[in-house]
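What follows is chain A paired twice: with chain B in the first complex and chain C in the second.
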Partner chain A sequence: MKYQLHPWLASNLWVLVALAIPAIFLIGALLYFTGWALAFSFTDLELVGRKAVNWSWVGFDNYARLFTRRGFLESLWTTTIFSFFSAIVGQSVLGFLLAATLRTQRSVLRGVIEATIMLGWLVPDIVAAFLWSATTAQTGLINNLIITPLGFEPVNFINEFALPVVIIANIWKGTAWSYLLFSAALDSVSREVVEAAKVDGATAFQRVWRVILPIIRPHIATNMLFITIWTFTYFPLIYALTGGGPGRQTEVLAIFLYKQSFMVGKLGYGSAISVAMLVIVGVLSLFYLRLLKEPK
Partner chain B sequence: MLNKSLATAVAVFGVAGMAMPAHAEVSIMYADWLSSLVEPGIADFEAATGETVNAIKLPGEGYVERVALDLAAGTAADVIQLDSFVVSELASAGYLMPLGDMGSDWDQYQHYMPALLDVVSYDGEVYALPTDTDVRMLWYDKSVFEAAGIAMPWEPQSWDDVLETARTIKAETGIDNAFLLPAGTKQGEAATMQGFYMALLGADTPEDDRNRLRNWAEGKWIGDSPAIRRTLELYHDVYAEDELATASINYATDIGAAVREAMANDEIGILASGSWEFTCLWDCNGGPALPSADERNALIGWTPWPGSGLPDTKATTNISGGWAIGVNKNAQDPELAFQLLTTIFDAGNFGDWTVENRRMAVRTDIAASDAYASDAYLAEATALAADTTGRDTYPGYQVVSALVQQMTADILDGVSVEDAISEYHASLVDEFGEENVITYE
Partner chain C sequence: MARAVSTRRKVAVSIIAWAIGLIIFFPILWTFLTSFKTEGTAIAVPPKFLFFDWTLENYFTVQERSDYFRHFSNSIISAVGSTIVGLIIAVPAAWAMAFSPTKRTKDVLMWMLSTKMLPAVGVLVPIYLLFRDFRLLDTHIGLIIVLTMINLPIIVWMLFTYFKEIPNDILEAARMDGAGLREEILYVLTPMAVPGIASTLLLNIILAWNEAFWTLNLTTTAAAPLTAFIASYSSPEGLFWAKLSAASTLAIAPILIMGWFSQKQLVRGLTFGAVK
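And then the complex of A and B:
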């Protein structure tokens, strides 16, 4: 069937054109910035000074330095650990478990837990950073309430366990999203199917593993896609909490990119880092999008 | 029909809104700790001209990067507070307005000390007016020293003396930061200057610039030298070997606040910092939180940074920086912007601020004033300034400084001195080319 325009629209085509303008601008801007980063990743452009004006083409130098200079590979590893434990293991699994256990509850408890995890999501990143900083400091809540009363020496968590602190803070911050998504997904699983499996003698584990999870598989993939992209490029909470330190302990790629671009001032090298991040996230996204497809 | 005319009206207003020039107001960017100088100046300017000033007050941490980024993006304010070391670099990129002609029309311009105007010049043109200069020293907490049984006044003669004192403090009091030597990348220039440079200058003989980051006679950056190695060894001793300071305080969510709090709670023994701390350890802008000078003297003391103690090195070291205020090359109304600048720097406002906050004067008229000349603290700090130097602010310095901070961060991370320095050397070569980097054996 041929698609037909509404008669009013057909006689007022300018409305369609006008509506398309923002989209064209948006797509244009996205392409422009991506193209900008790609082009300047082959230059020695800097933020200030002579090379801010008279930059030159340096070929693949910036890309070679990703592998020959300290920083990129270390940050890639830190980002992988951070993303795996905070997003995939933490937010996703915790979000699913909470959604699965709480959906049968109709009590005050559910309301309290929902409100609590939503709070983490709603608190601005910078505020969250100060909260976690105060909580984990040597004179902070954890030491005052738990460690010291038990007779142990107070622990400076950010100094000793910077990456775990940042991972836990991000789990706290982001679990609400996975919880909401999985709650909706589980609501879509029809009760009859689960009941039928039960009648057929499936154990609780089998019902989850062989019935429920396959049904909500697209939701899992969608969730993974979003939180992986978000976490892989996540910046504010970590930067405010630790600045990537101590040393480089929590220097994820986004912070490495920021430091190289704006503190050292090497915009060309920073562009190469951002292109590399784009490629990595792109590959991960393709992987998840394949998961989204129904099996034949 | 109605729809069409409505759409036309919206479009017309929309375009008109974009095209109509905004009211020519003056904007200014400054760090919160300078508000006691800037804000009275803004009030005076508004009263005198009837203009409204758009005041953009920013946090001190990350301020230098924010300003550079805004200037590069074309979104910076008309009048901008700047760290003096970035002025030549920003000027070389064409972001700042030379003040030459306007400056000579202003009768107070002549009072600025020429040496300090040099710091904020590029290619013979002045691009900003300095707010203050400074000296650097080792501050110490008197109650911590008393608890550790260390004699005061404390007068260390070498790095060994400082380390020995810090070890005693750690052993006697158990505090985590017996000797806080600024390190790492989060506090930016503060780590380079308050920490690394102060040690570097005393790590080797000044001959041939062996105790610097740049050899000026040859015009090359120093990629590896005994001085750099010894300085990194000192960092290694403080952070790894003897654990006299924690890495984490250099990466705190708010470093300034963390240091002030630790100092107030007697959790820092020795703090490598500068002359501004006589007020900034409480409140840079004065105010009710600031105890009297006598009370402060009872709580904290300072001593010049000793050299390493090796033969031919300096007995004490010092390096000076300072801040400045300049005008954006793209200021909407340059004359108005310059008028705001001179109102802030008017003798009354500027002189009061300098003395009340114990800043080191950059103008002869203020330095000669009774209030300034009769202050005991300023007199001692000024004496220290008799033997000082500046940073190696040749274009490219900002990158070098960031690489220096990275070296110290590597030491905090447990990287060996050898590996940290070879990474530094390689990065310098990346940036400036093999021909512009030298090595001292």
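And then the complex of A and C:
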């Protein structure tokens, strides 16, 4: 529904524009800084030392380095695996399954599960990282509770299965968003349509695959869009849990960028990495947005 | 027969659902319990659940060693500060957009929300350099500026969805009764906007409270909030489970209590208003 503007405001529209300006300005500042990063990516600027002051333009050198030096492509691969398994396979599928199952459950159970899923989201990344290292370390919960009492040698999960542990931790942390979105989506599917499919002899699988999923397709695309982007650029939980290690096993792009910029000190190279990440995220978004619009 | 099968299936589903809930919840519960153990009991095999000598020692140690209350007040200052500044900037903007008759409003909103997709790490370098030059590193003001900036899109968006829901008829009726613009804003719009503003406020406090990336990179001691407090305890060897558990419990307690009271609003906030 459209608002009827107050007559005075309708004749003084600039007031409305003026009110929005501070917010637009501040959000624009974020974009402006992204522009800075773009400019840095063509320089050899460093965090400290001579090149922190006397930097010079180096053209596309930093971008060439992305492909010629070791590091970027490996991190891109790690990030892809991390995003695919924790966002798409983990959060989305688990979120959908939970949403679909819990709909038929009594409200008490549903409430309890919803509350626990929300807990993961509520807990700060740093604390989540601690919870998971306490669970998976050599003297951690899984070892003390299951492995050692059964007579096996304790396994240092966080060292030996670093990437899977990080993926599971992120699923634990992030399923709430997918679950809530899919719950709302499933609520929007009318019962009649599903019943009609049933009457026409569609099996349970067909009803989900042919009827329900196409109807909630826009929701699926929205969900994918957001969680893929967030996971792709995610930093705190992984950094606090493993610091990118052991070795470089969990060094996703965000951590690689962070290390190159602030530990190695190559701000120019770091900026090129962040621009590359932006481009990848942009392409992914376009892909999902097409999925969102295109009717089947 | 069919009914018997479906009952059995229902029981199975609820058992699985309860189990999943318990598994999700277990690490948090375990941390809470561990915080009352001595370091020795914390790594006992097999683990002790309830029957150990409960002690508050860890909490005292943690307070003594790294001053929980100072970090706590830093967290409060930055979270509440950035929320208030954010609301002061966002309320007029969201209000203007909810009332604006142009078609471009939706585009502006989408543009704002799209900045939430930028990788934070990517803008860290420019902001860090700027903060260094303006001596804003490790200050409350610097932290408040950054937290406001990164959360503003969500605040504007949330408020917009709430303001949009205020029914037009009420405004019409007020105007019929001769209310001017001032009365309309003060006595009609404001009271109706309060619930929306309140839940946006709450959501933003939680977001700012949990924010770790910027707080860890832009603060060291003076303005360091609870996230930094936890991070300072992380040792890769995990020798201090009990103390870390106490520190974690202290850090998440305020947020869990807040979340408990406002689950409904959180659901809406978490999904950017997509789920009512």
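Operating definition for what follows: the second predicted complex is superposed on the first by the 274 of 296 C-alpha atoms of A that agree within 3 Å, B and C clash if a C-alpha of one lies under 4 Å from a C-alpha of the other, contacts with A are read in each partner's own complex, and residues count from 1 in each chain.
Keep in mind that, in the parts below, a residue touches a chain if its C-beta (ideal position, glycine included) is under 8 Å from a C-beta of that chain, and two chains touch if they have at least 3 such contacts.
Not measured: the values here are computed from a predicted model.
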Since both structures carry chain A, what do chain B and chain C do when superposed there: clash or fit? clash
Is A:S133 touching anything from chain B or chain C once the two structures are fitted on A? First, second, both or neither. both
Please indicate which partner A:V123 is in contact with in the superposed arrangement: first for chain B, second for chain C, both, or neither. second
Look at A:L109 in the shared chain and tell me whether it touches chain B only, chain C only, both, or neither; answer first, second, both or neither. second
A:G201 in the overlay: touching chain B, chain C, both, or neither? Say first, second, both or neither. neither
Looking at the overlay, does A:A240 come into contact with chain B only (first), chain C only (second), both, or neither? both
One more residue to check, A:G59. First (chain B), second (chain C), both or neither? neither
Identify the partner contact of A:G49: answer first if only chain B is touched, second if only chain C is, both if each is, neither if none is. first
Contacts for A:N156 in the overlay, against chain B (first) and chain C (second): which applies, first, second, both or neither? first
Which partner, chain B or chain C, touches more chain A residues: C
Which listed stretch of chain C (135-143, 153-161, 189-197 or 243-251) steric-clashes with chain B in the superposition? 135-143
Dual-contact residues of chain A (chain B, chain C) 129-130, 133, 138, 240, 262
Under the definition above, what is the set of chain A residues touching chain C in their complex? 1-6, 8-10, 13, 15-17, 19-24, 26-27, 29-31, 33-34, 36-37, 40, 98, 101-102, 104-106, 109, 112-127, 129-135, 137-141, 144-145, 148-149, 172, 176-177, 180-181, 183-184, 222, 226, 229, 232-233, 235-236, 240, 254, 257-258, 261-262, 267, 270-271, 274-275, 277-278, 281, 285
Listed in rising order, the residues of chain B that touch chain A in the complex are 65, 68-69, 71-72, 86, 89-90, 92-95, 176, 184-186, 188, 246-248, 250-254, 395-396, 398-399, 402-403, 405-406, 409-410, 412-414, 423, 426-427, 430-431
Which residues of chain A touch chain B in their complex? 46-50, 52-53, 61, 65, 68-70, 129-130, 133, 138, 156, 158-159, 162, 240-249, 259, 262-266
Under the definition above, what is the set of chain C residues touching chain A in their complex? 10, 13-14, 16-18, 20-21, 24-25, 27-28, 30-31, 34, 43-47, 89-90, 92-101, 108, 111-112, 115, 117-130, 148-150, 152-153, 156, 167-168, 171-172, 175, 181, 184, 206, 209-210, 212-213, 216-217, 226-227, 230-231, 233-234, 238, 241, 244-245, 248, 251-252, 255-256, 259, 263, 266-267, 270-271, 274-276
